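In what comes next, subunit A is part of two complexes: it sits with subunit B in the first one and with subunit C in the second one.
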Partner chain A sequence: MHRYFGRKSLIYLLTFIVAVTLNWLIPRFMPGDPVLRMLTRSSVSNPESLAPMREYYENVFGLDVPLWQQYLNYWSELLQGNMGISVWLFPAPVTGVILKAVPYTLALLIPSILLSWVAGNKVGALAARRKWLDNTVLPLGYVLTATPYMWLGILLAWSLGIVMGIFPIAGGYSFALRPSFTVGFIANAFTHWFLPFLSLFLVAFGGWAIGMRNLIIYELEADYANYLEALGTPRKLIRRYAFRNAMLPQLTGLALQLGVLVAGALVTEIVFAYPGLGYLILQAIQNQDFFLLQGVFLFIVIGVLLANFIIDIIYVLVDPRTRTGLQGGTA
Partner chain B sequence: MGLRVENLRVYYRTMRGDVKALDGATFEVADGEIMGLAGESGCGKSTLSKSLIRLDSRMKLVAGSVELDGKMLPLTDHEAMNKYRFAEVSLIPQYAMSALNPTRKIGKMIAELVRSRGFSYRVLLPELERRLALVGLSPDVLNNYPIELSGGMKQRTVMVLSTLLDPSLLIADEVTSALDVSTQRAVAETLVQFRDRGFVKSMIVVTHDLSLVYQIADTIMVMYAGKLAEKAPADKVVKEPRHPYTRLLISSLPEVGVRYAERRLVGIPGRPPGLLDPPSGCRFRDRCPLAFDKCAEEPPFVEVERGHEVACWKAM
Partner chain C sequence: MRTELYFAFRNRKVVGGFAVILAFLLLGLIAPLFTDHGPNDYVGPPAAPPSGEYWFGTTTFGQDIFLQFANGLRSTFLVGLLGGGIAAIVGMTIGFVAGYRGGIVDEALNMLTNIVLVLPALAVLIILHTYIGIKSVPAQALFIGLFSWPWVARAVRAQTLSLRSREFVDLARLSGLRPLTIIRREIAPNMSSYLLLTFILLFGGSVLFAATLDFIGLGPTESISLGLMMNNAVQWSALHLGLWWWFVPPGLGITAIVGALYVMNVGLDEVFNPKLREM
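After this line comes the complex of A and B, so read on.
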């Protein structure tokens, strides 16, 4: 067990280092120059003052040293929790900007991932044994899972927001309010949260429901189910076994889907102008904000790795076969 | 008492029509009898053994009845039949290696199974452990997952589990086909032991391995193309078979001490007829070296001497 988790941790650590390095590289390969951007923004007319200003900004952003030095500096700053200064929101530190956006993204992601997974599994399992449900859930599931996140988001915004006027279609809260822990603000934030959540939830839900339906049918045809049935076991017990065993591939699927779901959330945030990490990425790219982009990516990488690690642990807990594998030092 | 099967017909529903996999079987299995059920693939032996315990969704009971210890089995009623399964009729499946739920400890699975049938696991546990010991398994296997057991151990566990409630009839479906020869023998002997100790009253051992079933069975029933061909005491079937199919089947078995390089082992030329639209008359007619005009009529399955039934005009 120790050996297994030791090895797993090592793999995760390696992934982290590679991801952080790529993360540092990608903005630097992007076309454009953030310092030039700052200079044009301040629209300096005197050409002589350009040179000292450029020097100043390059110093502020740490771009006045060779690349390898920048890379090392990046790591040492990172380990101290410092991710640099935002170009777009100069001179706000990136860490602060991200921390302000993170609650919105998490509030979208965690409920939509978990609820769609739980609900999709339940509905899929039900569909596997009720003909009428199967005939409705299956086509609906295929349509939903094939729908692009942002397109569904636009449809929902149009139908429930513009036509029916039930939900606001943009922002994380009304512009008239300031973020605070009051009932009024939270209620307002909830109405803004609902549509982006719904679009993420629906797309993921379709995929899980189809997967679960197929897995349950497969499990109910398995030898152990046939044997139990031949021994007169009530269907209830057989279904319980089938459900539990079908959950294992779904759990693996969840781990695989996490990255995709995060990406989907980013696009959805842009559709709804939701002030989460996706919105920040868009702004960071448009403003050549290396540091903000790095910071957001880093956060996503950490999130996906962490979630995968948790699923690894859960898998060991729920599937005895992985556990017996561990004793042999394999896996 | 025992088992009494009357004119049992079970067809498979397919898009092209009914496949008449079992077309009228009438026979009895007495208390204490181990009956071997032999025949080639597709002869209906699995259909027969399955229909005695569980008709799957594609199987259709067309006619016939099955009586066990004087009670009619409600074959077509899945729920009503549950009462008899495991307790009165039980099964050792062909797939014993994968018959246990892979994610449950064996003991826990057995507990959940017997409780769901309304029995107390605590009451059954001492007997379960005793029987596991009898087949050479320690009670520790109950704390294992199926993956931690070898194939032979899983097979023995399933044998013990299937007979735990002392059923009247046990169906052993190709139980030895996935095992190596030495384990085959041990399994076969265990089956006999189960009968001798009274764990089961009677047994149907489905197999295509005549030489194995000859060692343990009291009687052997041979099927061909969905019909019964011959049923007789095991010795009779092997030494004095009356049905031409049985004779050819026996003669195509290799014998110990014969070098087949010198004398080629002969098979039965031809193939069994399709059962979607089987030919009239005797179904073995096309392959039978003894066939004559009368064979266009279907031969009845009749007793030609005490305990020896044959469906062949030539044997009467």
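After this line comes the complex of A and C, so read on.
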């Protein structure tokens, strides 16, 4: 078990280092000069004032020291939680801006991931080897999992939001309200939350249902299932064993899908102008706010790594083989 | 090979999925040939609903949505083909080498695979796209391909590992074949069906990735794509104006293509794996 966690932690640590390095590397070694672009954006006509401005920006970006020192400085700033100043919301620090948006993204992601995973597994397991249910769940699942997140979001916003007028389609809460812990505000925030949640839930649900259905069919054909059947075990019990065995690959699948799910949440937020990280990304891109964009990137990486780690812990809890150091730990 | 073709033509999932994809491909290839206008030209009345003249209606600026759709299909297929192809090549190369060589090479490649696997690809692509400013579809496909190979490498490595110790591979090694030749002639053919299925999934994944990036507004600036159409529709408040014909076709096109790919994948699985065939 120690070996298992040690190995996993090493991978996550390396991934984090790679992500930070990429984040530092890309702006510095890509074609195009961000400082120059900012200078053009401020459109200074006087060439004499250009030089001091350039010097100022290079100083702000920390470009006036050797490369290796820039890299080390970047790390030390980062470890102190300093990711720079946002251009879009000048002069707010990037870390603060992001921390304000993170709760909204988590409020969308956590329920939609957990509920879709649980519901998808249940429905998928029910559908396996039941003709009529299978014939409805399977096509529906394929359509849902092939749907681009933003398109389902657009369709829901249009049909339930605009045509039928049941749900609001933009923002995290009504502009007339201020965030507070009152019933009115929470109810209002809930109606804003529901549609983005629903579109995330539906797309992810399709994938889990199909995955579980296929795994159950595979398990029901395994030797142990045949053996139990030959012994005259009730079908219900066999299905329960199959379900428990099929949970393990689905758990691994959850870890693998995290990146895609986060990506889905980002574009869904953009559709609904939901004030989470996806919305920040859009604003950062439109306002050329590179510090903010890079900060969001690092936050997403950290979040995905943490979630991976949590799934690893759950995996150890549900799969005894990883605890005894037998096979299965590599999954 | 012939038995596989026989079962493929009898499999409804394969035939149906293939027909849908072929239809969209032909539409994308042929339709733009019948007009002198580019996809972004202002050709018709603004915000017109679908009619005999403008099959999918027009945008608020009077652009023909059917024309945009057909041209967007081209980008979709291009990005799927190139992105999926690059990811398949990188993933297979790394998987074969890691699985066949083993030892320290395997350790290093495995570590690399795991790192890219947990790195959220879209976030990396957003950063890359913003700084570099992608101009063409192939460039976009290249980046998508470079970040979606890890699970392929993992699966190919595992299969190579199990094939490596079989007798026929030992025999090939004894007869002095070079490692590359062994991989190409002895190992790869044994998983060719799996590799084809992998490529189909990668194709679908690349299409969805590209649509996401285009929708955020980071797609190729020089051409139209289905994701960009949705971006435009949302940006120019097609939802509030009730221009459903602007945002329904592009999403429907992507869903149909990717869904058909998935269904075809399942069908092909049944073709290659006799256990799954319905008799």
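Basically, the second predicted complex is superposed on the first by the 273 of 331 C-alpha atoms of A that agree within 3 Å, B and C clash if a C-alpha of one lies under 4 Å from a C-alpha of the other, contacts with A are read in each partner's own complex, and residues count from 1 in each chain.
In this section, contacts are C-beta pairs under 8 Å (C-beta built on N, C-alpha and C of every residue); 3 or more make two chains touch, one makes a residue touch a chain.
Here the structure is a predicted model, which means the values were calculated and not measured.
Asker: Look at where subunit B and subunit C land on subunit A after superposing the complexes, then choose clash or fit.
Answerer: Verdict on subunit A: subunit B and subunit C fit.
Asker: Specify the partner with more touching residues on subunit A, choosing between subunit B and subunit C.
Answerer: Between subunit B and subunit C, C touches the greater number of residues in subunit A.
Asker: Please work out whether A:155 is in contact with subunit B alone, subunit C alone, both, or neither, and reply first, second, both or neither.
Answerer: Once the two structures are laid over each other on A, A:155 reaches subunit C alone.
Asker: Is A:317 touching the first partner subunit B, the second partner subunit C, both, or neither of them?
Answerer: neither
Asker: Applying the touch criterion given at the start, work out whether A:262 contacts subunit B, subunit C, both or neither, answering first, second, both or neither.
Answerer: A:262 contacts subunit C only, not subunit B.
Asker: Give one of first, second, both or neither to describe whether A:244 is in contact with subunit B, with subunit C, with both, or with none.
Answerer: First partner only, subunit B.
Asker: Would you sort A:11 into first (subunit B), second (subunit C), both or neither based on which partner it touches?
Answerer: In the superposed model, A:11 contacts subunit C only, not subunit B.
Asker: In the superposed arrangement, does A:187 touch subunit B (first), subunit C (second), both or neither?
Answerer: neither
Asker: Answer with first, second, both or neither: which of subunit B and subunit C does A:230 touch in the superposed model?
Answerer: first
Asker: After overlaying the two complexes, what is the shortest C-alpha distance between subunit B and subunit C, in Å?
Answerer: 6
Asker: For subunit C, which residues count as touching subunit A in their complex?
Answerer: Residues 111, 114-115, 117-124, 126-128, 130-133, 151, 204, 208, 211-212, 215-218, 227, 230, 233-234, 239-240, 242, 244, 247-248, 250-252, 254-259, 261-263, 275 of subunit C touch subunit A in their complex.
Asker: Considering only the defined contacts, which subunit A positions touch subunit B in the complex?
Answerer: Listed in rising order, the residues are 222-224, 226-234, 236-237, 241, 244-245, 248, 318-321, 324.
Asker: Which of the residues in subunit A end up touching subunit C in this complex?
Answerer: Touching subunit C from subunit A are residues 11-12, 14-15, 18-19, 22-23, 26-27, 30-32, 34, 142-143, 145-152, 154-155, 157-158, 161-162, 169, 221, 255-256, 258-260, 262-263, 266-267, 270-271, 281-282, 285-286, 290, 293-294, 296-297, 300-301, 304-305, 308.
Asker: Can you check the complex and tell me which residues of subunit B touch subunit A?
Answerer: 53-54, 81-87, 90-91, 93, 95, 98-105, 112-113, 116-117, 145, 147-148, 158, 162
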